[in-house]
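Next come two complexes, and both contain chain A; in the first it sits with chain B, in the second with chain C.
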Partner chain A sequence: MDLVETYGEELRFARKPLARTLLILLLVALALLPWWGPRGWLTRASLVWLFAVGVIGQNLLIGYAGQISFGQAGFLAVGAYTFGHLRIAGIPFPLALAGAGAAAGLAGWLVGFPSLRLKGPYLAIATLGFGTATYQIFANVEWLSGGRAGLAIPALQPPFGLVRDTWVYLLYYAIFLLFTGTAYNLVSSYLGRALVAVRDSDIAAESMGVSLSRTKLLAFAISSFYTGVSGALMAQYLGHLEPQAFNISESMNFFVAVIVGGLASVEGSIFGAAFVVLVPALLGGFRWAVPVLFGSAILSVLILEPLGLAGLWLKTRLYFRLWPFR
Partner chain B sequence: MSQLLQYTLSGLSAGSLYAMVALGLVLIYRSTRVLNFAHADLATVGTFIAFSMIKAGMPFWLALGTAIVAGAAVAVVFYFAALVPAQRKGAGHLGQVILTLGLALILQGLTVYQWGAEPDRFPFPLSDTKVWQVGPVFVSELSLGTLAAAAAASLVLFLVTQKTRLGLAMRATSENLQAAQTLGIPTRGVLAFAWGAAAALAVVAGVFLAPVLLLDPFFMLDALYKGLAAAVLGGLNSLPGAVLGGLLLGVAESVGGAYVSLEFKTSLAFILIVAVLLVRPEGLLGKEFQERV
Partner chain C sequence: MVGEALLEVRGLTLRFGGITALGGVDLTIAEGETLAVIGPNGSGKTSLFNCVTGLYKPTSGAITLQGESLLGLSPDRVTARGVARTFQNLRLFLHMTVLDNLMLGRHLHFRKNLLAAALRLRGEEIRHRAKVEELIEFLDLEAWRDSRVAGCSYGVQKRVELGRALATEPRLLLLDEPVSGLTAEEKEEVSYWINEVRGRFGVTVLLVEHDLRVASRLSQRMVVLDRGLKLTEGTPEEVQRHPGVIRAYLGDQ
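And then the complex of A and B:
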């Protein structure tokens, strides 16, 4: 008998021993990817992991807290450039990563202030303004962006005689696991419930004793911390920073990932990140088809399966749980 | 002083374009509470259709008319084929906004596929370089035409919404959807008309913007963001607010670009808007629909 007794248990990703074993097997297989997968997959998978961190952050804000932000590329840029400058100054990788997250988180906290008064479309425009302003600042202030030549970031030195791609992959995978685990914990904590309460009805949440301003600002800060870290990882991955990498279409990519993956779902964010990274890679030569496919995916998700890939995954699991009876 | 006047005038001309974009956005927001992010791409598709027809030797006005009809048709089809089914599925405001993003992406990809990403010059009957002197300021034929087009569009929209039965139905639908349905107003048709009219406005704005810039699949994006900002500045559910917001934004941008900083003129405009919103969260003339607890 499958009896769920507590909210925490309801949210747990893998409850039964079989599911837990399968999950651990999958995680181990992914950790060993460099030793069994083709080379080309490795860089692509690293890209999925770094995207997933950012998408989870975006999903915490849009899916859980219900605050729209079109300024995601701005936080990405803040994280990436902070990371770049810290690395060039000779700060070691983990500290630079934390610094990038902290800088983006601070920016998010500041951008969160308008969210205390603005709602829905008005907030979307205010955050869009932040994204545009950040892009213009990085495009026009030479000492920040490194001018025309861009900003070159020192490459990682792999320890234990590993190949660099392998080391990058393992590092990104570990960081991804850390942030995913944190997100799962966050969502099932008091803060996670407060975020959902604010999303569903801010007036009701406030009258139940949830501090609106604290929750909203925290949502912005945490989400942009994630996005900043994702930006830093992207900076390290690219090895070279130009402001053009952080225009508005980058924000859109994150948006598509959140929607296609499924709002308010951590595993959905991972599916969504994989979708936006892998689909363009599959399409290769047909660049014009990428937006068409993204757009069609959004339309079909909202019309056919509002919970996105996560909803599809849930239904599949439910189907097999009852199989062969239904 | 005459310089300031000159900057104000060029700001007004740019602002009237923003106002046209903002009018379309407000029209859609008022009726369906959806922020239309596909507005730029609807305009782009329409402008490219006009471009192809002019290239094929059609007279300008015929091409413009066809483009407007085509843009409106795309919007109406989108309303019935995507928005209505999604509403039946229970998509919220956020979901519907995201649907328009989906439409934007699809149209963008198809435009690149059909017309390529290289910029083209848009042949336009009004010239950018022919200039008249009015008192202390100079005004080009094109910016005069833009101002006239925006004024005409606002006037027509005003007459339609305030003086016709259709306009009355539109206002009733935007005020209270259920009540309008109960009273026998065909709300689906009214909302579809709002979408079509908004797309038509967007195409007009696109055709008048194309000769200023070069025509490429992304030429309307900047105007969309400005239009959104203008609509928010004026108040998202106020049609006069959209015009006021557009003109204010245009002038602020032009004057700010001239006297403060040219690189950051877009940022300046957005900072202005955030400042206004912090004081008046519903825009200058907006009155947001009150929410019942």
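And then the complex of A and C:
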């Protein structure tokens, strides 16, 4: 029997003992991946973690707040280049990461202003414009992008005699956990409720005392902060920055991840990130098929399972909750 | 029980291109009073509500709440001043649970701290939850607390909307056709609740109602709108005897 005695108890994360135990086991197993998984998995998994942070950010904006944005590559670039320049200037990794998030968050806040006026497809086009403009700026302003040679990011020095891949994995995993946990906390707070309210009915939200401008701008700022951090992690991962990494197809990757993973779901974002990172890897020599596969994945999600992978996951859980009394 | 003027509307005019939705409407509602606005379809009742709550910008006129102008305030600021409403065609947050819909009504009373939210400090949440639970009990919504609003019946949805408006702790409650679309039995219940709301929460109620019987029963005073103009006002008996009302309102039924 599952009895909840206080309101506070009901607000706890992974409240049920079984869920809690399984979750902890999973998290520990993933933390130990460098010691039991094949070498090749490590870099892939690091990529999943860094992508997941960005996809969660994008999902906060699209899935929760209902504000369409196709400009993610722009925020990614702002984060990556801010991080790159800070690192080259000798700023330590954590500070540079925070700086990247802050710069992208500020950009997001500014880009959010059109959202106070524009909706749906119009907002999508405005943000697409931002993404393209950012790309053009980084592609053409040499002191920003490092010109032809690009920007070389100083490599991380692993402590405790760890192998570099292992250290990067652990670091990225920890950052991923921090941002994922924060996202879970935010979406279950008053802010998350306000975001969904704005998405479901902006008129009602406003009439119930939710400030539309503040909420939308905050959604843009937080989302871009996440995306900026993701961009910074990408910069560190690549070790070398070129504007080409931040063109429109990168925005599309994030968008695919959000839709396939499941709108308005944090775990969906993680599934989505894994999807867009791992599927191309599995295709190996057939890279040309990636866009085809992404396109068909979006179509099948929209037609078959609007809640995406998170929807499938929810159904599976429901099945087991009712099992064996199905 | 009826005190001084809470809401005053003077010369309220609202035009949409060539259409005059409101053509200089005057209206006063006293603290503690229940006033019904009636009128045929398209007479400007909802437009009046939308002007008061800040959704529409009136072309001219004045709207004051306890002497302070509401003009130019965004809807959330109007709500913060103590005005809450329900909508004629429900506007609920369909993907949220009944509980979350009501909790959103508390939004403006939350002490908002992003850091606390990010760290999952939920003191505020629990404090407001207690208030919301009182409303859930009052409106008999216990059975639907964790149901998604989209899956609830129309009658329950109407109740949730009333609860959500009450959760903002309004001084003035605007109800746009609170019993339309309900069964006879549900109409009885909602009428009962509206009466209870006045007694228990001490709110002043301004309601739009198509059903003249319900309107007469619930309100102490009525204002009749016809094509954006105030036709007459008075007690329910006076209004029902007015020849213009019989022609404009009852005549077309």
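By our rule, the second predicted complex is superposed on the first by the 313 of 326 C-alpha atoms of A that agree within 3 Å, B and C clash if a C-alpha of one lies under 4 Å from a C-alpha of the other, contacts with A are read in each partner's own complex, and residues count from 1 in each chain.
Heads up, the rule we're going with is that a residue touches a chain if its C-beta (ideal position, glycine included) is under 8 Å from a C-beta of that chain, and two chains touch if they have at least 3 such contacts.
In this text, all values refer to a predicted model and were calculated from it rather than measured experimentally.
Asks: Contacts for A:Arg117 in the overlay, against chain B (first) and chain C (second): which applies, first, second, both or neither?
Replies: The first partner, chain B, only.
Asks: For A:Tyr7, using the defined touch cut-off, is the partner it touches chain B, chain C, both, or neither? Pick first, second, both or neither.
Replies: second
Asks: Counting residues of chain A in contact, which comes out ahead: chain B or chain C?
Replies: Here the partner covering more residues of chain A is B.
Asks: Of the two partner chains, chain B (first) and chain C (second), which one does A:Met208 touch, if any: first, second, both, or neither?
Replies: The answer is second: A:Met208 touches chain C but not chain B.
Asks: Given the touch rule stated above, what does A:Thr43 touch, chain B (first), chain C (second), both, or neither?
Replies: neither
Asks: Using the touch definition from the top, say if A:Asn185 reaches chain B (first), chain C (second), both or neither.
Replies: Touch status of A:Asn185: second partner only.
Asks: Touch check for A:Ala197: first (chain B), second (chain C), both, or neither?
Replies: A:Ala197 sits against chain C, while chain B stays out of touch.
Asks: Does the superposition put A:Thr21 against chain B (first), chain C (second), both, or neither?
Replies: After superposing on A, A:Thr21 lies clear of both chain B and chain C.
Asks: When the two structures are overlaid on chain A, which partner does A:Leu299 contact: first (chain B), second (chain C), both, or neither?
Replies: first
Asks: Which chain A residues lie in the overlap of the chain B contact set and the chain C contact set?
Replies: Residues common to the chain A contacts of chain C and of chain B are 203-204, listed in rising order.
Asks: Inside the complex, what are the residues of chain B that reach chain A?
Replies: Answer in residue numbers: 29, 35, 82, 85-86, 89-91, 93-95, 97-99, 101-110, 112-113, 221, 225, 228-229, 232, 236, 263-264, 266-267, 270-271, 273-274, 277-278, 281-283, 293.
Asks: Contact residues on chain A for chain B in the complex?
Replies: 62, 66, 68, 114, 117-122, 124-126, 128-130, 132-133, 136-137, 140, 203-204, 248, 252, 255-256, 259, 287-299, 302-304, 306
Asks: Can you tell me which positions in chain A touch chain C when the two form their complex?
Replies: 6-8, 11, 13, 182, 185-186, 188-191, 193-194, 196-197, 199-201, 203-212, 218, 264
Asks: Write out the stretch or stretches of chain C touching chain A in their complex.
Replies: It comes out as residues 53, 55, 74-76, 79-80, 84-85, 87, 91-96, 100, 103-105, 107-108, 110, 112, 114, 117-120, 122, 124-126, 129-130, 164-165, 168.
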